[in-house]
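In the two complexes that follow, subunit A is the common piece, with subunit B as its partner first and subunit C second.
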Partner chain A sequence: MPPALRPWFRLLRASFAAQTRYLPAVAGGLIANTTFGFLKAAMLVATVHAAGGSVAGYDLESMVAYVWLSQGLLGAVQLNGTSEIGERVRTGEVAIDFARPLDIQTSYLAADLGRNLFNLSTRLLPPLVIGALTTGLRLPTSAGPYLLGAIAVLLGMTVSFFGRYAVNVIGFWLVEGRGLRNFYMIVSTFLAGLFVPVGMFPGWLHTLANCTPFPSILMTPIDVLSGRIVGAEAVRAVAVQVFWLAVTCAIGRLLTARGWLKLEVQGG
Partner chain B sequence: MSMRGSAPIIEAEGLTRRFLVRRKGSVRRDTVTAVADMTFSVAAGESVGYIGANGAGKSTTIKMLIGILVPSSGSARTCGLDPLRRRKELARRVGVVFGQRSQLWWDLPVRESFAILGDVHRMPSAAAAARTDELAQQLDMTGYWDTPVRQLSLGQRMRAEIAAALLHSPELLILDEPTIGLDVLSKQRLREFLIAERAAKGTTLLLTTHDMGDIERLCNRVLVVDHGTLAYDGSLPGLAATVGAGRVLVIDLATPTPDLIGIPGVTHLGSEGGGLRQRLALAGDGDQPGAAPSIPVVLAAVSERAELRDLSIEEPDIEDVVRRIYTAAEG
Partner chain C sequence: MVDQLPAHAEPGIGRWTPYRSVLAARIRAQRSYRASFAIDTVSAFVAGLVELAEVWVIFHNVQVLGGLDFRAVLLVFGLANIGFSTAEVMVGHVDTLPAVLRAGTLDIYYLRPQPLLAQVVTSDVQLRRLARVGVGVACAAIALSVNHIHWSQATVAMIVISLVFGTVIYSSLFVTAGGLQFFLISGSEATAAFVYGGSTASTQPAAVWPGPLKIIFGFLFPVTFCAYLPALVILDLPGPPMLPSWLAWFLPVAALWAAGAALATWRLGVRHYQGGGG
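Presenting the complex of A and B:
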C-alpha cells in the first residue's frame, strides 16, 4: 500500500468494521429492500404484461432483473441521502474532522465507501437470490458484464457520495439544510431510475435525466450488470460515470473552499 | 522544563470573530462578537491556562488557532504557519482534545482508534506501535484496550482522548476542558501524566478549563478571556493580586478586641466572639488597590493592639478570583 493511500484505506476499513456492529440494521435493510422489491416487481411485471410482453426494450425476465438489482444496489449507492456531514457541521463535531491532517472531502468519501461497501456485501445478494427463487430473473452468463459492472458499481457509489457531499456543503450557507437534502433525495432517487428504469421515462424526462449525474449512480450499474448494455455501449456508459464523478467532485471541492468562509462551527 | 526555542508557537494578532445569530422567532440576525481584538503570543515550551466563563470565546479562539474557523479580522500563526492555508500541515504538529467531543471511533475497540490515527498521521508502523504502547502504559489504558470506545467510562475515555492527541508527538497540545466531569482521582492521574509528558518532551500546552486545580497544577501562565477580550495575561499569583483577592489572615487574640481597622493595606473582613477571632484580607479588596503588605508587618501592627494567640492563612480561592473579574467587567 503506497503511504499516500494508507489513511484513506484505514478510514474505509474502520467505517466498514463499525457497520458490522449493527447487524440488526442489516436485517432491517434487507427486509425493507425485499418488500419493496416485491411491490416494484408486481407493478412493473403488470406493466410489461399490459404492454404485450415488452416495454422500452424490457421483457419479463430483464424487468425482474432490473427490479432485484436495483433493490440489491440500493444500500450501496445510498439514495436515501446522507445527513451525516450536515449534522456534524450543525453540532460542531466537524471540528474533529478539520483537526486531522486530511482532506475533508476525501475523508468523508473513504468513510462513506467503507459503510456502503459493507451494505453492498450484505444487501446485494439476498434480494437477487430471493428474486431468482420467486419471480425468476435473467443475468449474464459471461464474466465481462460482471467485471465492468463491478467498476460501474464503485463509480456509482462514488458519484452518489460526491453528490450528497455537495448538497451537505451547501448547507453551510443555510441555517438548516434538511429541506434541501430531502428535495435532493426525492429528485435523485427518481432520476437515478430507482422506481422505474430511466429507459421507460417519456422522451423529455429521459433527456432531462441524462443531463444529471443521477443515472450514473444506479441505472448504469444495473444496465451493465444485467447485460442490458454491453461492449462499446457499456464502456461509453462507464465513461459517462467518470465524467460525472469529475464534475461532482469538483463542485464539492469548490463549495468546500467557499463554504469554509461561511462555516460557523457551533458549540464548545 | 526543556524549551524548544524562543520563537512563539502561537501568535494571535488582533484576532476577532463575529457570528451572525438568528434570534428565536425573528428573521433579523444579530451580530455577536465572540472574540474581540485578541492579541497574545505563547512561547514554545510554555504551559498556558486559558480561562473564562462559558461563551467567553475560548473555543472560538482555539478553532481559529488551528484553522477550523476563519477570523473576521486579525490573524493567527500557529507553529509558524498560517492555520487556514496550511491546516493539514499544522494538524501534524498540533494535538487537540475537545473535551465534549470524541476523536475516537465509537464502535471500535480502543486499540483500533490508535491504529487508524497512526495511519492518519502517516506514522511508520513501528513508530506508531511503540508510541501507542508507551502511552497505553503511561495512561494505564491496557485494561480496556479491547473495549469499544462507547463502553468506556468518562475517565477512561478522556485518557484515551489525550493519548490519541499525543500519538504523533505534537509540539503543541491543546486541551479544551479535559477534566470536565472527571472524579478527583482521575483528574489527579491525568494531571500527573501531563506534567511528566511535558517534562520529558517539552510539549507546549494550551488548556481551557473551569477547574482551577488544573491551572494551579499544570500552568505557569494564565490568560483570562471575558466577553471575547483578554482581561488578564500573567502568572496565577499575579492574577490574584490584580483583582485584589489576596490572602486572608485569620487571627485569634487573647482578649476580645475592637475591630482591627486602619492597618495599611489590610481590610478587616469580620470579627467573631466579640473580637476574639478576626479575619483580615491582605491587599485590600479592590477598593484599596496597592501592593500587599508583608505578613510580619501586619502582625507587628496587630500585636501593637492585642496579644496574638494563634494565626492561620487562607490562600485565595481562584474561582472566586475569576468570578470577581467577571463581576467587575459586567458591573
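Presenting the complex of A and C:
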C-alpha cells in the first residue's frame, strides 16, 4: 500500500474493529430493520396487487427485492443526518482535529466508511434472506449487476457521508445544530427512496428528487443491485453518483475552510 | 427515609410543585434560543408532512388500499399522529435513556426523592414536537369533513376515546422501550421496532398485513386500536379478518394492557440497574 494511503486505511480499519465490539447493536439494528421491512413490504405488496400486478414498472418480486435491499443497505448508507464531527464542533473539541497533520474531512470519511462497511457486512444479507424466505424476491443471476452494484453501494456510502459532513459543519455557525440535522434526515430519507421507491413518485416530485444528491445515496445502489437498471443506463446512474460525490465533497471543504476561520475555543 | 417525608413538607409547597417548576424551566429554556427553537419546530412540522407524503405517494399510484381510499386513510393518519405526537411531547425523551445509561448520569435521579419515571419524563419535554400534533389535527379535521360520516354520539365518543387512550398506548410503548433499555444497553435500536415501527404501523390500513403482523401490532403492541379500528367505526366500515371494527370499543382494555406491560417492564428495568459506577 502506498505510504500516503496508510493513515486512512488504519483509521478505517480501527473504526471497523471498534464496531465488532458492539454485537448487541447488530442484533438490535436487524430487529428494527426487519420489522420496518415487513411493514413496508405489506403496504407495497398490497399496492402492487391493487394496481393489477404492476406499479411504476415494479412487479411483485422486484418490489419485494426493493423492500429488502433498502432495509439491508440502510445500516451502510446511514441516512440519519448525524456525523461525529457535529458534536465535536459543538463542544470545541474539533480544534484538536485541526491540529492533526491529516485532512479533517478525509479522516472523518475513513472512520465513517470503516463503521459503515461493518454495518454493510452484518446487516445486508439477513433482511435479504428473510425476504427470500417469506415473500420471495428476484435478484439478477449474472455477475455484472453485482460488480457495478458494489461500486454503486460504495459511492452511495461516500455521498451519504459528504452530505452529512456538510450539514454537521454548518454547526460552526449554529449554536444548536440538532434541528437542522433532523430536517436533513427527514428530507433525505424520503427523497433517497427509503419509504417508497423514487420511481413511484409523481413526475414533479421525481424531478425534484433528481435535483438532489439523495437518490444517489440509496435508490441508485438498489436499482443497480436489483438489475432494475442495466447496461448504459446503469453506468449513467453511477456517473451521476460521481457527480454528486464531487459536489457534496466540495461543499463540505468550503464550509470547513470558512468555519475554521470562525472557530473560537475557550481555555487551553 | 424518603417515604417518611410528608406530602406537604412546607406550607404552600404542594406535591406537584417540583414538577411544575422543572417543566416551566424547560419550557422557558427552549423558548430562549429562538433560532434553534424555530428550526426545531419547522423540522417537526416538515416531519409530519413528509410522513403524510409517503402515504400520499402510494395513493397516487392506487385508488384503494386495504379497503380504504385516501380520504379514509387521512383519518387514520390524523388520529395516529395526534396520539403519537402527544405521547412524544410527554414521554418521548425516555428514548434518550440509552445515552444517559452509557454516560452514567442516571444515578443522580436515584438520589432524588421522586419516582424515577416521573423525573425522566419531566427531564426534557420538547415543545417543538407540538408542531407535529398540529399536522395530525389538521389531517383529522380535513378527513372528518371530507368523508361521509353519520354523526352520532357514538361517533363523537369514538373520537374522544381514540385520542385519549391512543395516547396512553403510544406513551406505554415509549415506557416499555425505556424499561428494556436497562437490559439492552448497546442493543437499544431493537426497541425502535415497536416504538417507531408501531407509529408507522398505526398509520397503515391493517387489512394489508399478513397474520403475524396483525398479532404483533394488533394485540401484542396494540397500535391498531389507536387509529385504524376507531376510523373503521367512525366511517362505518367493516374490519378485515382478525380485526373486526367493533374491537375498537375495547380500546380502553388494550390501553390497560399496554400500560400495565409498560409499568411492569419499567419496574423490572429499574430494579435490574446496578449503577453506572463513578
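Things to note:
As a working rule, the second predicted complex is superposed on the first by the 263 of 268 C-alpha atoms of A that agree within 3 Å, B and C clash if a C-alpha of one lies under 4 Å from a C-alpha of the other, contacts with A are read in each partner's own complex, and residues count from 1 in each chain.
The working rule: a contact is a pair of C-beta atoms (placed from the backbone, for glycine too) under 8 Å apart; a residue touches a chain by one contact, two chains touch by 3 or more.
Note that this is a predicted model, so its numbers are computed, not measured.
Looking at the shared chain after the overlay, A:Asn182 reaches subunit C, while subunit B stays out of its contact range. Of the two partner chains, subunit B is the only one touched by A:Ala95; subunit C is not. More residues of subunit A are in touch with C than with the other of subunit B and subunit C. Judged by the touch definition given at the top, the superposed model places A:Ala17 against subunit B, while subunit C stays out of reach.
Within the superposed three-chain model, A:Gly29 lies in touch with subunit C and out of touch with subunit B [touch as defined at top].
By the touch criterion stated above, A:Pro7 is placed in contact with subunit B alone, subunit C being left untouched. Overlap of the subunit B and subunit C interfaces on subunit A comprises residues 22, 175.
Taken in their complex, subunit C has these residues touching subunit A: 33, 35-36, 39-40, 42-44, 46-47, 50, 53-54, 57-58, 60-66, 128, 184-194, 196-197, 200-201, 204, 208-210, 213. Interface residues of subunit A, counted against subunit B in their complex, comprise 3, 6-7, 9-11, 14, 17-18, 21-22, 92-96, 98-103, 175, 260-261, 263-265, 267-268. Those residues of subunit A that touch subunit C in the shared complex are 22, 24-25, 27-29, 31-32, 34-36, 38-39, 42-47, 50-51, 55-56, 174-176, 178-180, 182-183, 186-187, 190, 195-196, 200-202, 205. On the subunit B side of its complex with subunit A, the touching residues are 19-20, 22, 54, 58-59, 63, 66-70, 87-89, 91-92, 94, 96, 98, 100-103, 105-108, 112, 115-116, 119-122, 148, 176-177.
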